[in-house]
Every structure is written in structure tokens, then in C-alpha cells.
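Each structure below is given as C-alpha cells.
Each of the next two complexes has chain A plus one other chain: chain B in the first, chain C in the second.
On to the complex of A and B.
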């Protein structure tokens, strides 16, 4: 039994008295409690005082069970290896909760999301603006409610637009995006500048919201979701499918074989390797240093080809199903992996030596995008962005999942607090990832070949069970919450990508930097807009669909180019 | 120092040389185990609909157009090439091939249709999912297949015609669920 868990339960019971409802039985490293909604704010305060790190809010429609609307907040206790989820319910006719954003600024987006998607009200939210839904989505339709079908296309609202905040006095606005050469995915930043200095910024994103969570809850079945989850992100696909599978396994109480766990680790670490090299290249490109871009991506290609031969596809591995993995890593494949690891290690070292002392990089990254450790904790940043700011957190070590409890690795931390720190952390993590892969291969060789790759499920997964899982994606901690349901599919599945908290702090990072540094600061968190938006593209804005021939399109584009 | 770094970078770039493949002019074969375009082997398929029920992208469709013919349609435009169909096929009738150059102007190029001759259930009159263990049934249907011209002569005429009511009925065909224990 986890000591912290016992302490928290007794503290909560003492403080709340009758407001403490139930505690759901769970493994020693998870705590699920239900409380009355009046007690939400004091409980969050208590958990923060106890050293909790806010992760994410999850809201869902529980009207089918007569419970109204439910809202969860999850917290991580990194030094104690404990994850806590606090659940409250609100009656159907008045779905109102206390906003916790005034005490946890990082909860701002979660609450705005449920304001849009479920129609919950948050009392005392400082900025209750639309976050997820499109500007012309009609009021009063809440897509995540159970009575709204997944393919509903309501007529769009007329004459609406997103109202951006007024720029502070003495500044002017420079719009970045939704499409901009330095952004790889659509997102709008309205940047307030005074001369060349950035004084603030407002973000409007979620332009690629695909409603994957809704799809998972209405159309797909348990074992379909991993393949769709993998497409949440173009870089860390395996992270999301592993994370989802772990959450379901935790909820259903399944224990997968050790071999499957090690294979999952190998896939996750391969993904980390290619993501870090990709980011290194992109960062080089954003500061105009294309040698880094070309060389980092050349090294990365070896990993992509290796993944292709291991799994059948260079990016969407499709290795994960509930209860295990689909393909084995045989001893011949092991040799291939070792060979590629040797090459990648050697070449990354050579590249690192050639660039770390280059003044070009230093001048563009040192002191840029500075955020203090206090601010980092306040905004609950995750991943390399947090580790570059002196915050020693890594889910792989703090909340070991898969086979990470048996593996030895270091967590690189720097305290420079700027983009340079992020670069150093990510470079060092490349070697750590290689180390982990080598250890996993050694351990895999010792395991008996007869271990099954995937479990045979005995009977259906019980309904109404909660599962919470975290995985350290290359960009930081990804959180998945699953509430199991009837009809062989989850009742609620919530995905929180690492960019979700990190992007919320970008306005803070930008303040007092030069406008020219904007791309690299936004690039430094490696923003994954699709992950964050969890977004099939349906254009609701164009009321009538038009088919344009190639010639017409060319003609139209020429007209635009010449300003006619 | 600055110059020394630049020389190192130059050395790395020089040493690695040009690595970009001259791809369309020079083929790049896929590795073994690659998950490319799935191919259905109509001689092995028993029409159990396992692939259609487990396709995460919902891109495989099965429909009974009469009592004895079941149509399997694979629409590749939405396929994610996850290979779940090939994994689950009890008869190993689906192979993930190494074809990946699938860009085309005509959707029919990448769409596959399999017409399956099925048994008719004597009770409900609908197409009958053949089971592997039932060898007698399997023997029986061999005669129903069009792939052999010799046996084509002995095909009995279908008793049912393409009645609109029956089509209506199959469009609401529900996916089988797991039985409660």
C-alpha cells in the first residue's frame, strides 16, 4: 500500500467529512475518489499543498446513469508514484462547477473545453471564451453529450466571429497563422508587439478538431481504438495507442506478458529517438541553420526504415492492441536494431560535436523563451520543456509503466530555462533512449520465447471501471483516462497530449522576446497541434460544397496572387 | 572555434554525400512484412465478415444481395493499412502485399470486390456463414464458385431474385455482439 495514498485518504476524509463520497478500489499507485461538488475547490487546494501536479480535467455525460454530468481532475504525485483522480457530479438541470483556474492556471483550457463540448458552466473562470468548437458552431449543441450523434452537421450560425482580445495600449498586433511558414499546423497567434519586442499574445487553436474521442465513444470498439489513437499524432502515435491500451488494461485488471511490455518499450523509445532527431532538425531549420536540419533528418531516416522492417510501416506502427502487441521482435530483428543503434549513436555524436559549440545556435537560443522554475510549476509544464527549466520530472521513472521499472536510465535536467536548455535535454535523451533500447533487447533475449504476445480476453471488459494511464511521450507526459462502458466500447476516453499544457504557457515564454524569435520559441515546445486538437476534416464554414476543376483552381490562385 | 565547427559540419556533409533516393526513377522495394495494399484471395474467403467487423476504418463492407451471393467490397480510399483484417482472417485469405504506390485518378483501381457464393440457411433463408470445421458444407459450396468453368455448369439457379425488400433488410444488418457469459 502506498503511504502517500493512505495519507491522502485520511486527510481528505478528515477535511471533507460528509462531502467525501466513495473511494474506488484500485492498484496502490492510483487513487480514484468521488466527492461532492461543493468540496471541489478545497480538495484541489489540499492536493496542491500536498505536492500534487495538475494533469488534466475530464468531463463526461453521465445522465444515462442518473448522475448528471461528471467532472474529474487528475493530479500526479511524482515523488510518490501516485496518480489521483477526483470526481464530482453535478445535476442535469444545472451543470455548474466551481472553476479551479484561479488556483491552477493550467486548468483553464480543460474547463473551457467542457464549457464548449458538454455545456458545463464554471463559476469564476477568468476567461470563459470558446476554445474547441468552430466559431460558427451553433450555440446550445454540445457535441460530447450522449444524445448528440457523432456525425451531426448542424447548420452554421450566422455572422459570428471569434473576438480576439483588445491589444494592450501602446502595442500593435502581428497575426501569426492559421497558416504561416514557421507553423507546421494551423493555429492562430495574435502577437502584441511594441516595436520588435513581444509584449503578449493570444492563442486561438483547435482548428483541426476531429472529434476522435467522440468517435471512440460511439462508433469504435475497444480494439479498434488503438489504431485510431495512433493517428492522433503524426509523431508520437505509438505513445497514444500504448497509453490507451494501458488505461483499458488498468480498468479491466489485465496483466500483459513481460515480453509484450518490453516490445512496447522498444517501440516507444524508437519513437522518442526519431522524434528528438526530427525536432533537432526542425529547430535548426527555424533558426535558419539548415545543415542541422539536413543531417539530423538523414540520421533519423535510418530509424524510420528500421521501424518499417520491424512493424510494417515507417510511422504508424500498429503494434499495440489491448492485452499486448501484434508482432514479435525476433533475434534476427534484434541484430538489425543493434546495428542501427550503433550507427545512430555514432552519427549523432559527430553531429553534436559539430554543432554544440557553434555560435549561431547559441546566439539564437540562449536566453530565448525564458521561463522561471516557479512559472513552470505554476503552469504545470511537462517533458523536455519542463526539464530544461530545472523541473526533474519524467513519467518513465516516477510512474513506471510497461517494463521501465527494470530499466536503468538517467533523466537529463538543466536549469537554463531557455530554448538552449530544451535542445541540450533533447540531445542527451537521444543517448538515454539508445541505452534503454539496448537494455530492453538484452532482457528480451533472456525471456522465454513461449511467452504470449497478446492475452486472450476472457469475457467482456466490465463496465463502469476507471483507468488512468500516463506515458512519457518525446514531448512530455501524455495522459489517457478511460471509463469503461457497455457495448464493447469505452464510455469516456480522454486524451491529453503533452502540448496541451505546454502550449498554454507559450504566451508567458514569449513575453519580452524579439519577434524574430517567435518561431523558435513556439517550435521549442515542439507543438503538436493535431494531438492537442484531436481533430476527418469537415468544412462547416463553407455552406455549399463546390467542385472546382484543376483549371478553375489554377485560375483562382493566379487571381489571388496578382491581387485581382 | 567558430571556423573549426563549420569545418566539422562540412566534413559531416561531405562524408555522407547525397543520400536522397532517385525514387520514382529507381525503385525502392518494401521490406519483408510490410503492410501495403491488402489483397483478398477469393478462393479462400468463406465470407465470415470477420474483416469487416474489425476494420477500425470501417472500409470493408459485406452485403447479401440474394440468398446465395454475398458481396465483399473493399474501399481503399479510407484504408489505414493497419493489417487487422489480415491478422484476423481465419482462412488467411487476406495478405498485406508490398504494394504502396496506390495513387490513382480512378477509385476503381484500388477498390476490390469479391463475390462469394454462400449456402442458404434452411431456417431463415439468408446467406450462411460457413464454418471451417464444417467440411461437408465447404465441399458443397465449391460447386457454387465461378472460378472453375467445369463446375459452373452444375450451379443451381438461385431461388431468390433481387427483391427490394430483401435489400432493405440487409442494410440494417447488425454487427454481431459478444455473448454474455
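On to the complex of A and C.
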């Protein structure tokens, strides 16, 4: 048994006494505890002191079991390979919890999300505003509650625009988005500038919230969800379907075949390859270096063709189901993959040479979007964004899943703390991904051909079990939490995409930079807004309402061109 | 009719504005992909522009979500006439797999009139180029027109019952008695 786990259990029992309810027997690298809600803040404090990294909050409606509303906070202990989920319950008539945002700023969004979606109240939240739902969504209807149907559509109100905070004195506001050529997805940044310098920023997103979690809990069955999960994001689709499948497998105690695990690794790393090349191109485009854009996407195209020959589609592969994968990677395909890897490696090296020696790129990225390591830890940043700031975390190594425990790879880390650092980290990760794919192909060749691709499930998946899974997406750590339920579908399915924590820190990164650097700073986290928004919609701010007029929209779109 | 109009109105290069109304990135990346060396639409004079004011056509991707609905309408109004609208991908065509969730209003047609549909999840870059080329009259349609027949279903009864159900839920949640029964499910058109 994990030593850290034993230590944590004993510490919690000592500290809480009667407030410690139960501890769920789970695999050695997971710890699920139930506590009384009064004890939430001390427990979070204790876990932070022990070195925990906050991941995500999960709220759900447990009224069917007579438990009122439940709220979970999950923490990762990266050095010990342990994931901890702390669950509390609140009675139905007064769904109120202590807010942990004052001690964990990264929890702010999670709590605001459940305020919108479940109607939970958080005592002491510094900024309890609407986050996810549309501005014209009526108060008092909480779409994630079980008595609300998934297709409930309250009447829309005309001319309810989002309300932003007043800009600080001495600054003027430059709106970016919702449709902006440097943001490829709808999101609104209202940037406060003093001359050319950015003094602050307010974000209002969740415009691509499509209610996917609600669909997974009401309409779909266990094996439908991976295909919808892939459509959370068109770039890192396999990440979400693998992550969901792993969470369900963990909850149901399934062990999939080694061959299926290696095939999952190959798909995940192919995705990382094409995603990093895509980012490289977009980053080049954002700083006005379109040659990089064209070249990176030219290299990437080969991977897309390869993916098509492996799975039948260029994206949204449909490879992963619960219990395994749907298609095999045969020895002929292996040769194709090796050939593409050779070409991609060679061409990326040529591109890298051109990039690292280019003075313009250095000038546009070095020292831009700086964030210190302390801030990075404080905001729980993940992925290349954190690794470029000296934080050595990688879920593939720290919490190995699929077949990563058998594979050897390096985790590139730099401490420059700026956009340049993220570029270097991503470039190096391209080679690591190629290395991992080659190793996986070698290992696949040694495995017996007769190994099954997918398990045959014996009987239904038991209800009420918790599963927590993490996967290192190209953008960072993605977290999926599944609570199994009746009727062959999850009771609760929570997705936390890597952009969710990273985006919360963007206002910090922007401060004291030039306005012209705005696109590349936002671009440096590789924002995947559709992942982040999967659930709901927009911000409603108090104070003065500003309605976006046609003229303003034009102005916005002009600024887009301006900013490049 | 559209072909003739397009031939008249868009005789030269066509500039397109890409409008993401709530897509998963899949279609957006394929749209960007058509600019890159292997597909290179600039040889047909097609260019992506940053402002709807400069555009001749809109490429709409993604299901129209509740918050982007007014924004899409405004972007459409900002494009000078004559204009073409392409719905790229399953979500923009009919709302995709989340067509009826609480935060999605449906396909692009719920917001703005659409001229051409490019199906796929996501559509291949070739399909996007083909769709635009078809609109411009550069290629011919590959299928013969088929006359569709409306099948008879007792839809009305089913719809009526569902309407009542939905409405009751809303008012129960709001805690108020009300006899307005006209909203709930989205109205047709």
C-alpha cells in the first residue's frame, strides 16, 4: 500500500475524529474519503500542507439517495503517485458549503460553476458571479439537478448582454472577441490598457458550453459516452475518451489487455504530435510569422493521413470503448507509422533549426507572459505551461496510466517562465512523443496477436462506485471523475480539461505586457475553449451593463487585425 | 438559382469569414487546414479574413449555443450583401449530437439563413474546398436532385404531450402558476 496514503489516512483520522465518515476501498494509488462538511476547510488546508496539488471540484445531485447535494475536491500528490478525492454532503434544503477559494484560488471557477449548475452556495467566495450559464438564463433553474430534463430551454430574454466590471481608473477597455481572428473559438476578453500596457483583464467565456456532462448522465449509456467525449474537443478527442474509459474501468475494477493499453498510448501520442505541431503553426501565425504556420501544418498533415489510415477518420477516431479499443494496429500499419515518424522527425528538426535561431521569434516571445513559479503553483497550472515555469509535473510519469509505466521518456522542463519556454517545451515533447510511439510499436510486436482488443463485460457495472482518472493531454493534465449509476449510465461524469486551470491564470500573465502581445500570450497556453466550456455558458456581472452593439462588434473585429 | 447568382455576384476572389458558434475545434482546424500547403485554397482566390466587413461568405462551424446566438446574427448582419453562408460540419448543419441540450439552440439555421451545407464530423478539407467550389460554380454537383417525400407521422400528438411536460417542469421549478404554454420546446423555423 502507498505509504503516503497510510499517512494521510492516519492524519485525517487524528485531526477530524468524529468528522471523518468513511474511506472507500480503492486501488493503492487512489484515496476516496467522505467527511462532514464542517471539516472541509481544515482538510483542504491539511492536504495542501502535505504537498497536494488542487485539481478540480465536482458537485452532484445525490437527492435520489437521500444525501442531498454532494461536493468533491480532488488533489494530486505528484511525488507519491496518489490521487485524493474528499467528498462532503449538504442537506437538500440548505445546500451550502464553505468556499475554499480563499486558500486555493484555482478552485474559484469550480465553485462558481456549481453555483450556476446545481444552485449550491459557497460561504466566503470572493467573487460569486455567474460563470457558465447564459446571461438570459433565469435564476432558480439549475440544469445539472436530476429533476431538470436535459432539453429544458427556458425562454430567452432579449437584449440581456453580459455585464463586465468597471475598468480601473486611468485605463481604457479594449474588447477582444467573442469572435476574434486570434481566438479561434468564441470567448471574450476585456483588456484594460493604459497606453500600450495591459493593466488587467476580465474573461467571460463558456460560450461553447454544450451540456455534454448532462447528456452523459441522462441520455447516453456507458459505451455511448466515449464517442461524445471525443467531440468535447476536436484536437484532443482520444484524451477525453481514454480518460473517461479509464475512470469507468477504475470504478468497475476492470483490467484491460496490454495490447489495448499500448494502442491507446499510440493514439494519445499521435494526438500530442499533431497538436504540438498545430500549436507551433498557430503561434507562428499569431506573431505574424506565417511561414512557420505553413511549414508546421505541412508536417502535421502526414500525421492526419496516418490517423485516417489507422482509424478511418482524420479526427474523432472512435477507437476507444470501455474495456479496450475497437481497432488493432497490425504489423503492416506499424511500418506505415514508422515511416511517417521518420519523416516527421526529420522535418521537425529542420523547422526547429529555423525557429531557435530566428531573432524575431526570440524578441516576440522571450520575457513575454512571464509568470513566476510560485504563481504557477498557486494557480495549479498544468502541462507545458507549468513545465515552462520550472514545475516538473507530468501525469504520464507521476501517475502512470495505460502502458506508460513500461515506457521510457524524458519530461522537458525549463524555467524561463515565458512564452519562449512553452515553445521550447512543446518542441522537445514532439521528439519525446516520437520516441514513445517507437517504443510502443516495439512492445506491440512482442505481444501475442491473440490478445483481445476489448473485454467482454460480465454483467452490469455496479452502481455507486467512484472512479478518478488523469491523462496528460497535449495541453496538460485532463481529469475525469465518474460515479457509476443505475440504468447503465454514469450518475455523475465530470470533465476537467487542462485549459480550465490554465485560463484562470491568463489575467496574471497579461499584466504589464504590451497589447500587441495579447494574442501570443493567450495562444501560449494553447487554449482549448471547447474543452473548458463543455458544460455551460456565460458571466453575468453586476454594475453597469454594456450592450455589444453592431459598431462595437465591428470595432472588435478591426482590433483583431490590429492586434496581429 | 444560387449557382447563377453566385456566378454573377462572386466572379472574382471570394473572401471568407470563419465564425465559430460553439464548435469543438475539429471543423475549425479543418477550415484552417485548407489554407496550408497541401490544400492551398488561395489558388482559387479564397482567403480567410479577420473581419466580417471584409468578407463575401461566412463559414459557420459548430452548433449555435445560447450565448452565441445573438453574436452570430450580428456577425451575419455585418457581412455586406450579396453574401453566402456555408454550414461546415454536422453541428452547424443540424446541431450535431447535442442538438437539444439546454444550452444549444440547434443548427446554424436557427440563427441565420444557410445557403450550403458541408457535412462531416469533421468534414475533410477536400469536402470544404468542394463545397465552396460548388457554390462558385467551379465544379458540378455530383448527385442528381432527388425529390423528397414527407412521411406521415402522428407528430402533433407527441409534440403536444412533450410540450406540456416541459412547461410543467419549468413552472414547477420557478414555483409559479402560469398558463402561458407557448414556449418550451423550440418553435419551428
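In this section, the second predicted complex is superposed on the first by the 529 of 564 C-alpha atoms of A that agree within 3 Å, B and C clash if a C-alpha of one lies under 4 Å from a C-alpha of the other, contacts with A are read in each partner's own complex, and residues count from 1 in each chain.
The rule we apply is simple: a contact is a pair of C-beta atoms (placed from the backbone, for glycine too) under 8 Å apart; a residue touches a chain by one contact, two chains touch by 3 or more.
Fair warning: this is a prediction, and the values are worked out from it, not measured in the lab.
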Checklist entry - Of the two partner chains, chain B (first) and chain C (second), which one does A:212 touch, if any: first, second, both, or neither? => result second
Next on the checklist: Output check: A:138 vs chain B and chain C. Expected answer is one of first, second, both, neither. What do you get?
Outcome noted: second
Checklist entry - Should A:301 be classified as contacting the first partner (chain B), the second (chain C), both, or neither? => result both
Checklist entry - First (chain B), second (chain C), both or neither: which does A:169 touch? => result neither
Next on the checklist: Tell me which partner touches more residues of chain A in the superposed arrangement, chain B or chain C.
Outcome noted: C
Next on the checklist: Tell me the contact category for A:228 with respect to chain B and chain C: first, second, both or neither.
Outcome noted: both
Checklist entry - After lining up the shared chain so the two structures overlap, which partner does A:312 touch, if you call chain B first and chain C second: first, second, both or neither? => result first
Checklist entry - Looking at the overlay, does A:528 come into contact with chain B only (first), chain C only (second), both, or neither? => result second
Item to check | Contacts of A:18 with chain B and chain C, given as first, second, both or neither | outcome: neither
Next on the checklist: One more residue to check, A:181. First (chain B), second (chain C), both or neither?
Outcome noted: second
Checklist outcome for this item: Shared chain A footprint, chain B vs chain C, residue numbers 228, 231, 294, 298, 301, 313, 316
Checklist entry - Of all residues in chain A, which touch chain B in the complex? => result 219-220, 223-225, 227-228, 231, 291, 294-295, 298, 301, 305, 308-309, 311-313, 316, 318, 326-327, 350-351, 353-355, 357-359, 459-460, 487-488
Checklist entry - Across the complex, what residues on chain B touch chain A? => result 1-2, 5-6, 8-9, 11-13, 16, 19, 30-35, 54-58, 80-84, 87, 96, 177-178, 180-181
Checklist entry - In the complex formed with chain C, which residues of chain A make contact? => result 133-138, 140-141, 143, 147-156, 178-181, 184-186, 206-212, 214-215, 228, 231-235, 237, 278, 281, 293-294, 297-298, 301, 304, 313-316, 528, 530, 536-538, 548, 550, 553-554, 557-558, 560-561, 564
Checklist entry - Which residues of chain C touch chain A in the complex? => result 18-30, 32-33, 36-38, 48-53, 62-63, 65-69, 71, 74-75, 77-78, 96-98, 100-105, 121-122, 124, 165-166, 169-170, 173-175, 183-186
